[in-house]
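Look for chain A in each of the two complexes below; its partner is chain B in the first and chain C in the second.
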Partner chain A sequence: MTTETLRLVTPETPWRVRSKSQLVYIFIASTLPAALTFLIADQMKLAGLIALTIVFLPLQLLAASLAALITVGKRGILDAILTVSVLFLMLTMGFLLGSVALSLVQKGFKALSFHAIYQNSFYVTSVTSLEYGGLGHALVGTLVIVGIAVIFAVPIGIAVGVFLTETQSRMRGSVRFLSQAMTGLPSIVSGLFVFAFLYLTGWVQRSAILGSVALFLLMLPTIIRLSEEVLKLVPQELRYAALALGAPRHKAFFQVIFPAARSGIITTCLLGTARVIGETAPLIVLVTYLPSTNFNPLSGDMASMPTYIYSWLKFSTDLANQRAWGGALALMILVGVLFTLARFFGRKRF
Partner chain B sequence: MAKSQESFDLVDLKLKVSGRGDRLFFGFSSVAAYFAFSLVFLIVIFLGNASFSTFKTQGLAFFTGSTWDDAAGVYQIFPMLVGSVLCSILGLLISAPISIAIAYFIEFMAPPRLAKALTNIVDLLAALPSIVIAIWGAFVFAPVAAQWAQIINNKLGFIPGLQNTSGTFVGSPFIAGWILAIMMTPIITSVCREIIGSVDKDLVSAALALGGTRFSTMRRVVIPTARGGITGGILLGLGRGLGETIAVLYVLNLVFIVNFNILENYGGSVAPMIAAYYGESSEVGVSALLAAGVALFLITLFVNLIAQIFVGRYEKKMAS
Partner chain C sequence: MESLNPISSNSFGADVHLSTKDVHVWFGQRHVLEGVNLEFPVNSVTALIGPSGCGKSTFIRTLNRMHELIPNAKLAGEVLLKGQNIYAVGVDPIQVRINIGMVFQKPNPFPTMTIRGNVLSGLRLSGKHSRNEDELVENSLQAASLWNEVKDRLDSPAGSLSGGQQQRLCIARALALAPDVLLMDEPCSALDPGSTIRIEETIRSISKNMTVVIVTHNMQQAQRVSEQTAFFLAEDNNPGYVVEAGLTNDIFHNPKDKRTEDYVSGRFG
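Up next, the complex of A and B:
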């Protein structure tokens, strides 16, 4: 990027400058339609959504176009329409996701308490009061199942990353291509594959390890892609320096390149984990839900956060629903924590 | 990322792999790489093998027929295939404009801090568990969306495809489409954002300096440069939508009848069908479900490969 070094002067952007009268028009154009919509909806008793799409959107488009016509001229109209539609589309999605977050907190909060985190649901039925039982067994199960998947996926994923960045094999293109195509592996297919590959062949009996293998397959492409990106970010000079000092290549990797990329690698692991921790479909297929705690991944059934939610959704009582919402909130918090940690470690990049 | 590709080959140095440590190190990485490479084939072989009997007994009718009867031993998934495609396309119709809008907002309209925050939120949403969307979809969204569907049906019910004969609106492909749109948006957005962000900023400034409006810049500069990449992103979203299981399972009423009326209260989708029938199928039925899994895998693999080609081609174009 030679242009970066040449750019000593920041270019002026005269098209961004707005005069005072323009700002007044923009202000009017962005408040008037909302106020009008409110009045009309109130007068005609329209439902919120209809008011938004049938009254507000056309009004806003009209107002913005008019403001643009007055301040900029004809050319401004399409700009105004673009701006309004971009914001409207964004707000639609924001509204939906806001609703997800709000209902999670509203409905899930009741079922989460201190004891809910460590107790299991062995004696809990769909009508047991929320004072008893919890999702401790599911947390343990998720930690075990996802943990095993991580333990295998991380070294293998990084090894593939090494293959893609440190070698000159002619296979690199095909490996990258096919492993990335696996990113879109439907989670249910991953479950079915493990079922056919390990269970139907009789190699592994029904246990939590089957779920780990399925999650491993689902997280491997993510880890490969991210670790390749992270290893590419290590300055080439570091490699040359280590090799020039006479280090064998594996030592150059473990003592120079890997430490340099460590924060990125940690981010990779955390993002990969966050991706699969909520995977439900393969666990439903492979690991039978158990309402009590089981630490052994090699035998017996096991609970996990997604199947915990799934199992309570089968009941239609209020209390079962609340437990399901509580589980969903806890799962979302878990994903959020992993993600925040990933961002925290990922900040220190080159 | 793609730019550093060229400088990466250590060709000049002619580095040799020497010593046991190196051989072990590169041996392990090669084995891992070939393992990752062969996974696709492993999946096809093992799933295909386990479901071969189904393909043999059902024949081509497996894909073209509309009956699923475990007791009679008839397994046909045509309505589910049609439903998968229908729901995913509905999802795309909703999520593609939204994703491009968000990507455009992040890259061109938002102040840097807001852009960064939004980027993080989009990345977080890509990890949104589908069971969370499932529970929200079933209890919060479906009743509301059913009302929307009713309104649409009242006003525009004369248009073919928007008809409803049952009078109930819950469990329709319309609702599944919205749910899929929520699952697809983060993926499409993050690809589109990277693609739109990699369009040369000087080119954009030049277009604006020449007197172009933001719209004409978008239309004549950004979109033509980024078109291939955006297509790839949309296809990736389509792949995600086709494979989505749990979230759709809870909002779609699975019925083995081909349905093109998006507001009708039933529809089909392969992935949720597998999850729904898995627990209560006989041994032969499970084999048929595995066959459905093979079909689903091949379709999503095809879509994803094309998406990879689009995105890869775009990155190569940007790198040169």
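Up next, the complex of A and C:
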């Protein structure tokens, strides 16, 4: 008997079912404002963006509130207002992001091709056809400059994060304060600091490593802050469990706490890298753009993606413009590739 | 306050394994535990009972130097393991914790390790080695009565176990180091009756060659597993202390102190 009845039962979500009158109100509240906006904008010849913000948004808020008042009651009003506002903001942000990505692809894809990835721009002028030359030198430069900054900032930043979470030292307060203050360091100031402190004093000759140092300074506070937050998320019970088994602090960290925080730590490195990979100001100050390839960070000028883009923007020809857009698109793709790789390696095993 | 009725080794008829001499505990300026004198005979099970906030958990953490991990923790008095003060200058807390294992209130297996990895984690973390790891894993899981449930999936993550199984895994993890003393801080408070009974069976079997100290809120559990019992109490913001300690049978059926009688008969707490 039971098997027969059981077969008739289907999974449902009764909490989502709406009555017919509710559906009618929702329909009216979601179509009427848009229709009215079209009419008004047409009559008064308003521009699209103005109609959207001055006419549509208030109308939609009003309609949603009224519909909520009738179907739910007073407490529905705030919900309706927040829902409409959040959706509106979300669509606005999505539109902005989408249009940035779209214009990058539209204007940049012509300058990107297979040869553009490995060729440099040594013989390229502002009127050279896009069939020749590329941004390989800038790609190499960015990877070298940012790579050196990452190699130093990641271990040091994580070590400071560990110091802040895993020790009871009295210095923690001041270290935390200083690293937070460093977060607000404008990138141009970081560049000028390195220029004055390392270059003008003659300690370091003109080279790409100056740029790495500036990016390191910008990256470090981000990594410290994020790795501290990530390590704080590891439950205290796990630390106690490890120590109660007779683990020295360092083994408890490397075998228990770090593995538990691993995916967060990788995200931390990513966000730190993302913070500096498109950084332009310190590189313009410190590392002069070079149209040919230079692998040596310790001497000579070097190209990088931001300075590559900047160097082509200085010309007014269409071709130079397209090369600049191509550089911007390549930078975005590079960031995308790095993020995907890090996500892949940082995924949770369990 | 003068501590009453320290458990005497003679009343139990076995050598004293672990004992405390006038242990006081503070957190910052707050005095939370006062003058605890207790003795834990070799291979006995001792239950620590008392209302919440009376300092049982704090006390048990002083027994393997986990107490000092809490910021602002202070301590006075001595904890003697086979006559040697574990708080003496020069004693390595790591060695103390290897000798005196601990099981916590909330099951806390290492989520990034497998079941097998969790059992062996004590070895890895304390830098010990074992000739036959497979045998150690099996023996430890057998002792924690978890082997039959997990023997076919030793390489699955520890997080895939149920709460009761996780707690028994934590016990197996502690047993793998073969400690002399096992401290258990309300090990069954988050578990269902079935898991509780299995853990009590585990306690009875490991106590044949291990000294066990268990904090519990469950009076029936204290009577079922322990040979001796200490009753802790803290009154109105005063530090906690031991009201009465002795053989479990006496504490529950023939208490000397009125407050003990009220507590074990469920009149307060």
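The working rule: the second predicted complex is superposed on the first by the 255 of 350 C-alpha atoms of A that agree within 3 Å, B and C clash if a C-alpha of one lies under 4 Å from a C-alpha of the other, contacts with A are read in each partner's own complex, and residues count from 1 in each chain.
Convention: a residue touches a chain if its C-beta (ideal position, glycine included) is under 8 Å from a C-beta of that chain, and two chains touch if they have at least 3 such contacts.
This structure is a prediction, so every number in the text was calculated from the model and none was measured.
Participant: Who does A:Gln168 touch here: chain B (first), chain C (second), both, or neither?
Facilitator: In the superposition, A:Gln168 touches chain B and chain C alike.
Participant: May I ask you to decide whether A:Ile266 touches chain B, chain C, both, or neither, giving the answer as first, second, both or neither?
Facilitator: Once the two structures are laid over each other on A, A:Ile266 reaches no partner at all.
Participant: Have a look at where A:Val256 lands relative to chain B and chain C in the superposition and call it first, second, both or neither.
Facilitator: It touches chain C, and chain B stays clear.
Participant: In the superposed arrangement, which partner chain does A:Met90 touch: chain B (first), chain C (second), both, or neither?
Facilitator: first
Participant: Is A:Glu237 touching the first partner chain B, the second partner chain C, both, or neither of them?
Facilitator: second
Participant: Once chain A of both complexes is superposed, is A:Pro248 in touch with chain B (first), chain C (second), both, or neither?
Facilitator: both
Participant: After superposing on the shared chain, does chain C or chain B touch more chain A residues?
Facilitator: Per-residue touch count on chain A favours B.
Participant: Now for A:Leu143: first (chain B), second (chain C), both, or neither, which partner does it touch?
Facilitator: Neither partner.
Participant: Examine A:Val335 and indicate which partner it touches, taking first as chain B and second as chain C; both and neither are also allowed.
Facilitator: Touch status of A:Val335: first partner only.
Participant: Could you list which residues of chain A make contact with chain B in one structure and with chain C in the other?
Facilitator: Looking at chain A, the two contact sets intersect at 168, 239-240, 243, 248, 251.
Participant: What part of chain A is in contact with chain C in the complex they form?
Facilitator: Residues of chain A touching chain C: 168, 235, 237-248, 251-252, 255-256, 259-260, 262, 349-350.
Participant: Spell out the residues on chain B that touch chain A in their complex, using ranges where they run on.
Facilitator: Going through chain B, the ones touching chain A are 1, 4, 7-11, 13, 15, 17-19, 21-22, 24-26, 28-37, 39-40, 42-43, 46-47, 49-51, 97-98, 101-102, 104-105, 109, 120, 123-136, 138-141, 144, 147-148, 151, 178, 182, 185, 202, 205, 208-209, 213-216, 218, 236, 239-240, 242-246, 250, 271, 274-275, 278, 289-290, 293, 296-297, 300-301, 303-305, 307-308, 312.
Participant: Would you pull the chain A residues touching chain B in the complex into a rising list?
Facilitator: Touch list, chain A to chain B: 3, 11, 13-15, 47, 49-50, 72, 75-76, 78-79, 81-83, 85-87, 89-90, 92-93, 96-97, 99-100, 103-104, 107, 155-157, 159-160, 162-169, 171, 174-175, 177-189, 192-193, 195-197, 200, 217, 220-221, 224, 229, 232, 236, 239-240, 243, 248-251, 253, 271, 274-275, 277-281, 284-285, 306, 309-310, 313, 321, 324-325, 328, 331-332, 335-336, 338-339, 343.
Participant: Within their complex, state which residues of chain C touch chain A.
Facilitator: By the definition above, chain C touches chain A via 64, 66, 69, 71, 94-95, 97-98, 101-102, 104, 106, 108-113, 121-122, 124-127, 157, 159, 170, 173-174, 177.
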